[in-house]
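What follows is a pair of complexes built around subunit A, which joins subunit B in one and subunit C in the other.
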Partner chain A sequence: MTEQQPAGRPGARPSGSARAALLIAEKDLKARVRDRSALIFGILVPLGLAFIFNLIFAGVSGNSKAISLGVVVADHGQMGQAFTAQVLDPLRHIGIISVRAEPSVAAGRSLAAKGTVSAVIVVPAGFTAAVEAGGPASLTVIESASAPVTGEIARSIAQGYADALNRVRLSVATVASGSAGAGLSPGQLRRIGARAAAATVPVAVSDISAKTKQLDSKSFFAAGMAVFFLFFTVQFGVTSLLEERSEGTLARLLASPIRRGAVLAGKLITSFALGVFSMVVLVIGTSLLFGASWGSPLGVVVLIAAASLSAVGIMALVATFAKSAEQAGNAQAIVAVVLGLLGGTFFPVSLAPGILGKLTFIAPQAWFMRGLGDLRAGSLSVVWTPALALLGFAVVTGAVAMLRLRRLAEV
Partner chain B sequence: MPDELVLECHDLRRRFGDLLAVDGVGFHIAHGETYGLLGPNGAGKTTTISMIAGLLERDSGEVTIAGQPMTTKTVQAKVALGYVPQDLAIYPDLSALENLVFFARLYGMSRMQARTRAREVLEVIGLTDRAGDQTKTYSGGMKRRLNVGLGLLNSPSLLILDEPTAGVDPQSRNAILENVAGLSKAGMAVLYTTHYMEEAERLCDRVGIIDHGNLIAEGTRRELVGMVGEADSVALAATGNVAAAAEALGTMDGVQKVSLNDHGLDLVVSDAREHLPALLAEAAARGAAIKSVEVTEPDLEAVFLHLTGRALRD
Partner chain C sequence: MKVLVIAATTLRRMLRTRANIFFVFVFPMLLILVLGATFGRGATPRLGVVVSRPGALATALVRQLDHAPSLKVTLVSSDSSLLSQVERGSLDAGVEIPAGYDSAIEAGKTVTVRYLARPGTAGQQLGQAVRSAVDSQAELLAAARFAAAERAAPGFAAGLTKAKNLVRLVPVISVRLRAAGKALFPSSLG
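Coming up: the complex of A and B.
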């Protein structure tokens, strides 16, 4: 195998940095597609987990199919009617329950037994009179054996109303027994109690989903898993710099007529491209397969690009503290999991009370989830705040990473 | 002459913490010359060529390749450089063709130019039949050949090979050595590091012996051997009047010592190649019938031992 050719090839010349970076990215992407690791972590695992979470939580989530309840109002008094008007109607209006009025307890019991409704709430005859007389408010719930979870929800609704009425009753009783109630006849006290009960909205029901701009469950888990695994997917580009160093190919790259910065840029482009590609596939996949609703495509693209940049910056920074690809992978996995949990990719941590609800925003994942929520509730312009926050993560961590990455680009 | 030099390096120094890995190394290589850097593991060979190839910052010294100054930041000098690292620096998930095309494109070639050049190199290294297979399916020898081939893509003026035959089977090793010899014959300057004395003797026009980061000797094989004053050993298996032959040979030019043994004579001769015809003629004239001749020349191993007091592979 002897080459009889004069030394010095006329075509050879230095390669421009942008061209070299793109060539390196193209080569890395080709290798990643072939070893299927990016495909598994970037697409298959998040898609599978989103599907599983949807199966698990679909029955209890806020956007699941409305819970079917029966109601028997045998009491014709003010408080019996108020239960329907002030408690059940608002819940029905926001789609949490559907209500089917039944004429008798027997009819309601029959429907629950058949599973036609999940539970039947019975307001017994004489309910208003009993409460006005100072007795305890008591509602009956008939649960369907086939729907224990939704039966529990029906019981909570009934219990909430009864508790509210009981609080009113106790307040009136306290007034009557004290100096403020001196001189009031039993009839006057009964009328005060009735007015107090009627004036109270016994159960405060509001559209939590609309106020806090939370995603529906399908979209929440699709977005959560996508951004959670985004931080694993982008690892492949940055970590390959360490692999190239340990396997000797970095020395060959650096002996080529290209600048060191081109090698670093190539790795970052690879990470970014892998991240964006996996996210786009997941957006399309979860929309088609699960019916996830991501919102305005342009806004989603902005958020995906910003989230991918922040993921690249953070994972690159973590990699700079490692001495080997394996060490980097372990450290990156820990950071990705911690930030993912804190960022509310599995549970809506931003709804948590106290410091946790605020602490979540130190994770870029939280900004991505918030951005999608905002996008669902508002116009395209609302994504700029979360997008800028994500870019802030990218700029700060990316700048420090670039300074430190030069250390890795040495043989 | 200086204008024929492809590589010039002077006073290269590099320290890693307390360890002075390379201490003032300097040499030059001309067009068509193969220069061997011979030394045991850890002597400083790889550090030296890493500085020459612009991979490693140097603490001091100068490197010029094809008239262009080489540093870690310059790229022009690297156009004239082919580098074959000791590790198998190839991408396992890519085919040989894809590996070659990728690196060829880093040398500024268009996709079409790169494919054409890659096919030429595949022919040279004998991997055309397996060009499309992922290299992770290759044997160790095939990977080594590809590793060398990648260094040839730009038809460099200077080819640096860092122990290219480490862990290679004899057949592939021979193929690599033949290839390097052919490249040198075609005009390429070659810097070859090895700790195999036989490879240095077979390939290199000149050899630099490096130990503990210092270039302790340099020259052609004969110059190095002469430098340490080692002579050749000649064993003559003979019958007949061997004693008379021994007496006559002991007085001849170049003969330092003659001794009789059961099979004939043992001689110590300076430059046996030059004196052997006359020695054989004189022995025959004195009545000795020569059955066989065995000449043992001092090798670079002996030179290294003489210079350092240690064997090359210690």
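Coming up: the complex of A and C.
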């Protein structure tokens, strides 16, 4: 503890308090760099975990691939052709579905059984004739048992076509039924059918593309682990106050002409600097190592600074309730783990329905994650709400912690 | 005997630290609780629906969407709230039914229902299910309008009643499902 000598220079006036605080911070930071604990908890562990989580879950949370569908048109009438031209071709153009024509139902079924295609839509032989005769008719969808969800999509495609035919059929039936429709000739019915098919569709669906404010899996795990361990990294500064007290060096510090506030400020600066430094290294590291995209650098810096302040405030407050550094470490670990879990650093808790999806925002980590997500879609201005929320945590917990720490810094 | 004493002492010392009690007993439960609440609802995609002015026809459309097996409908109060929930991922997609839905349909116009999704194939695939549900509704509405236009019914409402009565009687063009191959997981696993 020889580093504290400069702070003890005679005549350290209040204006020198800031300098004293910085000197104390510098001494603590050097000690942390030397014992490597900050390096391990602040950088190596989060980096490693983000890497592992990303390996495990990258495939799970990614976007689903294009569906591959088989189609068998055994019908030689106009309905079979219309199905391909009006329904499948437009889907093919959008690129969400790849369609392969199969010569027979057996061939299609074997592809579905192997899982080569998610489903096969069959327009059976005689479909056109059955539809025109006005009797029941059906399309068949053979779902691959290994892809039940995409099979559902194939069913809705087939159903959509069947619905269009049913619409005309029902329209004709409502006109032809009852006394008005009695004795209509087949020719009249066909003309009514043509008019029904040409009628304005009552409801259309238009696509609006929304932006995504979700982080991709790489960035999610990088950000999640970084902010989770931020709450461990900042412990070092505040807890060292307790260490100094048990080692007896706090008494010597206080006996020197340094204001008590400067000692506290020095410890808080240490925490903040460690937090910001580890976060910045993690942002750069995860971007370079596994291509995490954090968004606008200025926005990220604002969020990191605000998150670090809130972490310092909360961890300092927790430490004030402990009698020893070990006790403080235990309590801080519990708080950091609970807040990290609730704040959605391991999995996106804000997506949970009901109360939990709202409860997540009592954790500053949730605001940090939301800020990064919003930053992905919006301009820089979107970070102010999460940043202010984070600062709110910092101010409230920091103020209470300062009041309690002053008492703690009495030997 | 010595072994037991050592074990008991160690256990007592472990339990004396509150942090150990937390990490051994409380934390696993908490993890299960949060994981369950976040992912426990299964994989049914959630569709947010905004009904600007709920009329009989708009309500019927919502009911139709809710009946689709691959959708779970949640009512949302405003378009902006729907947009932000879809963007943030708490809803998989959204549908906005415009204010004049009922009156425009009765007036013979085409009403455009807006479908909102994040970019990506998942949103487009969900859009198929939404379109299918909308088509089923459109079938009845088209028949009702057609009947009124062809003077087979005195008005839209009468036409709709007629169409609803007939829809069960008219032979339908249906979609039959067949399965091929073996499922990766037994269905009992859910």
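One rule holds for everything that comes next: the second predicted complex is superposed on the first by the 246 of 411 C-alpha atoms of A that agree within 3 Å, B and C clash if a C-alpha of one lies under 4 Å from a C-alpha of the other, contacts with A are read in each partner's own complex, and residues count from 1 in each chain.
Rule of thumb we're sticking to: a contact is a pair of C-beta atoms (placed from the backbone, for glycine too) under 8 Å apart; a residue touches a chain by one contact, two chains touch by 3 or more.
In this text the structure is predicted, and so the values were computed from the model without any measurement.
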| item | value |
| --- | --- |
| Partner chain in contact with A:338 - subunit B first, subunit C second, else both or neither | second |
| Partner chain(s) touched by A:305 [first = subunit B, second = subunit C, both, neither] | neither |
| Touching partner for A:254 - first (subunit B), second (subunit C), both, neither | first |
| Touching partner for A:82 - first (subunit B), second (subunit C), both, neither | neither |
| First, second, both or neither for A:223, with subunit B first and subunit C second | neither |
| Touching partner for A:292 - first (subunit B), second (subunit C), both, neither | neither |
| Partner chain(s) touched by A:114 [first = subunit B, second = subunit C, both, neither] | second |
| Subunit A residues touched - subunit C or subunit B, whichever exceeds | C |
| Shared subunit A contacts, counted only where both subunit B and subunit C touch the same residue | none |
| In the complex with subunit C, residue positions of subunit A that touch it | 63-67, 94, 96, 109-110, 112-115, 120, 131, 134-146, 148-153, 155-160, 162-167, 169-171, 173-178, 180-181, 192, 195-196, 199-214, 330-331, 333-334, 337-338, 341-342, 347-354, 356-357, 370, 373, 377 |
| Of subunit C, residues touching subunit A in the complex | 17-19, 22-23, 27, 30-31, 34-35, 37-39, 41, 43, 46, 61, 69-70, 83-84, 86-90, 94, 105, 108-122, 124-125, 127-132, 134-147, 149-153, 159, 162-163, 166-167, 169-184 |
| Of subunit A, residues touching subunit B in the complex | 1-9, 11-15, 20, 23, 27, 30-31, 34-35, 247-249, 251-260, 410-411 |
| Parts of subunit B lying in touch with subunit A, wherever the complex brings them together | 31, 50, 53-56, 66, 72-73, 75-76, 78-81, 83, 85-91, 93-94, 98, 102-103, 105-109, 113, 117, 121, 124-126, 134, 145, 150, 152-157, 175, 178-179, 181-183, 185-189 |
